[in-house]
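After this come two complexes, each holding subunit A, first together with subunit B and then together with subunit C.
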Partner chain A sequence: MPKLLRGLRRAAGVIPFGVYVTLFLIAPMVAVTIGAFQDNNGGFTLSNVNAATHGVYLKGFWQSIILSVLTSVIPGILGLIIAYTIFTAKRGRVLRQMAITAAGVFANFGGVPLAFLFIATLGSSGLVSQWLTSLGFDPYAHGFTLYSLSGVVVVYLYFQIPLMVLVILPALEGLRPAWREAAENLGARTWDYWRYVGGPVLLPSFLGCVLLLFGSALSAYATTEALTNGTIPLTSIQIGSFLNGNVIAGQENIGKALGLGMVVIIAVAMVIYVAMQRRAAKWLR
Partner chain B sequence: MAALAQGGSGGMGPPSRGGFRGVAPPGRHSIWRWVVLLVTGAYFLIPLWAALRFAGIGAFGSVVGEAGFTSSLALSVRLAVITTLLTIALILPTAVYVHLRLPKLRRLLEGITILPIVIPPVVLIVGVLVDLFAQPTAISSDTAKAPDR
Partner chain C sequence: MAAAAAVTGSLLLTVGCSSSNSSSGSASGNTGSGTNWATASSVAAGGGMNALVAAAKKEGTLNVITLPANWANYGTIMKDFTAKYGIKINDANPDGSSQDELNAVNQLKGQDRAPDVLDMGTAFAVKGAQQGILAPYKVATWASIPADAKASDGTWFADYGGYVAIGYNSDKVKTPPTSFADLLKPEYKNQVAINGNPTQASAAFSAVFASALANGGSLDNITPGVSYFKKLHTVGNFVPVTASAATMESGQTPIIVWWDYLLASEIGPSVKSLKIVIPSDASYAAYYDQAISKSAPHPAAARLWEEYLYSTTGQNLWLQGEARPIELSTLVKDGTVDQAAYKALPPAPSGSVIFPTQAQQAAAENIVAQQWSSVIG
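On to the complex of A and B.
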């Protein structure tokens, strides 16, 4: 019993945080989960989940997943290259500090301001669109528009790449220079080093970071909403329309079923993330 | 975000003189380094420049005099300051305490702090707004937009 008491006293320091997490993270998720299986009178039903996995909502899930995969893999690779470039730069300390600060700012861009930046840049009369047109290549004559899935991907890179740089830099710092020196002393070329040493060591944390980007892309909402006015049926936007009351009366709980669906997708991603993170830690210790 | 970045910056910095700088020997990929840095810089700076051109420098003068500008700026700043202070007040003691007393909880804490990035805020809003602070099944525009909720 005294052991239990001591344990409780030691846990006291995390109570405020625990209360906060319970109120604002766990309780809403529980509420969403319960609501997803309730009809309007509070009785149990599967019709919400059924509706959420068919028709326009199923399409929303697919669009969301496709967009999230594209905007986690592409910025994942680009972010790794950029982070590596910054990491290996001569007199890198100043550059690295600047890059981390800038990445922190850009990673928090989103919503209407970000949409405006890109309408001014790649909109039909945007700055870069005009440059390209004057060079003889009109992107809008070749099937590109900013207000489509491919346009949204370009915009998402603006906050996803900096996020990748921020989360992958610690992993790069785990690459010991001595490993490269040792590999070269044993006759390894650059390719051999990356194939047998650098790559395998980096891979788990790279995949973990990509999964983090996947979640970030899946939950992004305001940017696409501002850019496309809901013409791309993403799940997050569909939930938003439930929140705004733009639905037929009596279907409110479908919004919660959609929310539950997103949590399930994230949960699957998180399980993989944690497993890989653990492997990465084992390698780098 | 800054917290994520801090995790690694305590690692090994490049030795200043006579040592090994980073993973690649210096100068080996210097052209590629410049290409990458230039393209990255262009991608991040051109939209800012384009937006500035579109808005026009003059717009900054006139927007200050716009009705409601001062109050909405004040509200934004107030929200930013309050949320920042609350976050620091909540997280700093917790992080120090866990680091010193309950190191076993570090992984769990890390996991929890990642959750808000990956769980769609929209899901949390549906949960908080509708079920904790309002009528059970009333999802109406009034509930969602009421400024005091």
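On to the complex of A and C.
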């Protein structure tokens, strides 16, 4: 008994987190999983999963994955470069504080206001588009449109790059200047340093950050919805039309099957991440 | 994510009901004078208008849900009802959706803050009737409601609505478009938008349905509507953003296909040069529906509310909110219509209004859900 009590006391600190995870992660996931295999009368069925893995919904998964990969890898690399520039800037304390604050603001600016901002600047009759047109270059006559997958990528970069800067900076701070000096004393060139020291140390955090961006892009909803009105098939928006809309009634469980699909995508991404991280971390041991 | 919301929602509800149940236990159906209004299916069956007014006044309260004050004039309607009968109105969740209304009926059942009356889209009214949570009731003017705009057993009946219309900012759009065919003209490049995603927003869905009617489709065939928007995109006229007063004001979407009454009430105030026309090649109308909850805590007040809404006063108040009440043609015929409000609406096309049946609606929804994302592709 005292042993159990001691165990409980030791675990007490984790209980709030456990409750939180149970309520907001495990319970919804169980509910989504059960719902995905239920018909409207509560009986078992595979038809929701079947619908969710065919036709426009399958296309939605692909488009979502393409969009998420593009908007996690591109901002991942750009964000790393920007963060490194900030990190190594001489007398960079003020610059760093400003950059972190700005990144915090931009990374959290999203939804309908962000969509409107882009419509008003890069939309077909937006301010910037009009300027470019008056300078003799109409972006809409050259294949660019904000209301396509490439347009959505541009909009996502707006909040993904600062997010990357925010999350990768602490990892960069873990790179001790002494390591670089030591490497240089031993005759390493810049490339050697990155190949054998900096890169391997950073890689696990870099992968983790990119995975975070991937999840953030996969689940983004309001901005794209306001920008494209569902003309691009994306899973998050399709789920929205089942659970949230005024049009389609009584097919909520297909939405849950789509939700289950997103859980699977994230799970696969996590497995890839863990495998890559293990390889990367081998060096550190 | 939605499931997480449901979990928090039910937590809040559990907390809420422990405090509200104690406030009043008088939420029973029978309100004296011998009539059980909870089961009365018409005012005559319950003992006449005077008995209904007396019973409703005794209940003293009416719970409505998801009625925005600036929507179809509901603010004035509620104030006028309270002034006339001395019955207090609680308006829960004014900006909620039709689905929220059904959820509230199911989740708050037995509590005195459960909704008494509902105002929702037809798909949801039908769903509510199938769930058996709506009480059949026929207002005194039942016969004036078109047969295909009400449930034959009285569980729901159309209240107000309007036509799919083209709204445009006449400062920016020099040549007024008058039809869906017009909107394809090159002069409207990058100008035409709808109010949302047709797989989610019923107004946008209706715009697709209307364009189908204009392009050789029918209530059985919405596909030409999707093709129309595809063409609109190919010629470069379609701007696929969610149109609003802001996008029209800022010049991004000078032309919006939307309900005539919502163009008037939501965009009219901020865009003074707004003009509204009902397209000459398609007249597509849709109405919202009234229903009474079977477990209404104030059954007499609920029925009095319906009688009030379907009186000449109630119908004209909707009309003043630039919505078309379902009994408008009767009002016009009888000369009881508010002429000023009637003239403020864009003239309705001649001929009777056609509505999709539930089967047609469901089939069309599935097609739009499958095909809409191919519009830009």
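Basically, the second predicted complex is superposed on the first by the 255 of 285 C-alpha atoms of A that agree within 3 Å, B and C clash if a C-alpha of one lies under 4 Å from a C-alpha of the other, contacts with A are read in each partner's own complex, and residues count from 1 in each chain.
FYI, a residue touches a chain if its C-beta (ideal position, glycine included) is under 8 Å from a C-beta of that chain, and two chains touch if they have at least 3 such contacts.
All of these numbers come straight from a predicted model, not from anything done at the bench.
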{"item": "Which superposed partner A:Gly215 touches (first subunit B, second subunit C, both, neither)", "value": "first"}
{"item": "Contacts of A:Val153 with subunit B and subunit C, given as first, second, both or neither", "value": "neither"}
{"item": "Subunit B versus subunit C as contact partner of A:Leu243, first or second or both or neither", "value": "both"}
{"item": "A:Val197 touches, of subunit B and subunit C: first, second, both or neither?", "value": "neither"}
{"item": "Partner chain(s) touched by A:Ala226 [first = subunit B, second = subunit C, both, neither]", "value": "second"}
{"item": "Which of subunit B and subunit C A:Ala27 touches, first, second, both or neither", "value": "both"}
{"item": "Partner chain(s) touched by A:Ser124 [first = subunit B, second = subunit C, both, neither]", "value": "second"}
{"item": "Partner chain(s) touched by A:Ala11 [first = subunit B, second = subunit C, both, neither]", "value": "first"}
{"item": "Of subunit B and subunit C, the chain that contacts the larger number of subunit A residues", "value": "B"}
{"item": "Touching partner for A:Ala188 - first (subunit B), second (subunit C), both, neither", "value": "neither"}
{"item": "Overlap of subunit C and subunit B interfaces on subunit A (superposed complexes)", "value": "23-24, 27-29, 31-32, 35, 116, 119-120, 126, 219, 239-240, 243-245, 255-256, 259"}
{"item": "Touching residues on subunit A, where the partner in the complex is subunit C", "value": "23-24, 27-29, 31-32, 35, 55-56, 59-60, 112, 115-116, 119-120, 123-126, 140, 147-148, 219, 225-233, 237-241, 243-250, 255-256, 259"}
{"item": "Subunit A-facing residues of subunit B, complex", "value": "1-2, 4-5, 7-9, 11-14, 20-24, 26-27, 29, 32-33, 36-37, 40, 43-44, 46-51, 53-55, 90-91, 93-94, 97-98, 101-102, 105, 111-112, 114-132, 136-137, 139-141, 144"}
{"item": "Subunit C to subunit A touching residues, read off their complex", "value": "1-4, 6-7, 97-99, 121, 123-124, 127, 190, 194, 196-202, 204-205, 233, 236, 239-242, 246-247, 250-252, 365, 368-376"}
{"item": "Complex contact set, residues of subunit A against subunit B", "value": "10-11, 13-14, 16-17, 20-21, 23-25, 27-32, 35, 40, 42, 81-82, 84-90, 92-93, 96, 100, 102-104, 106-108, 116-121, 126-128, 157-158, 161, 163, 166-167, 169-175, 177, 180-181, 198, 212, 214-216, 218-219, 221, 236, 239-240, 242-245, 252-253, 255-256, 259, 262-263, 266, 269-270, 273-274"}
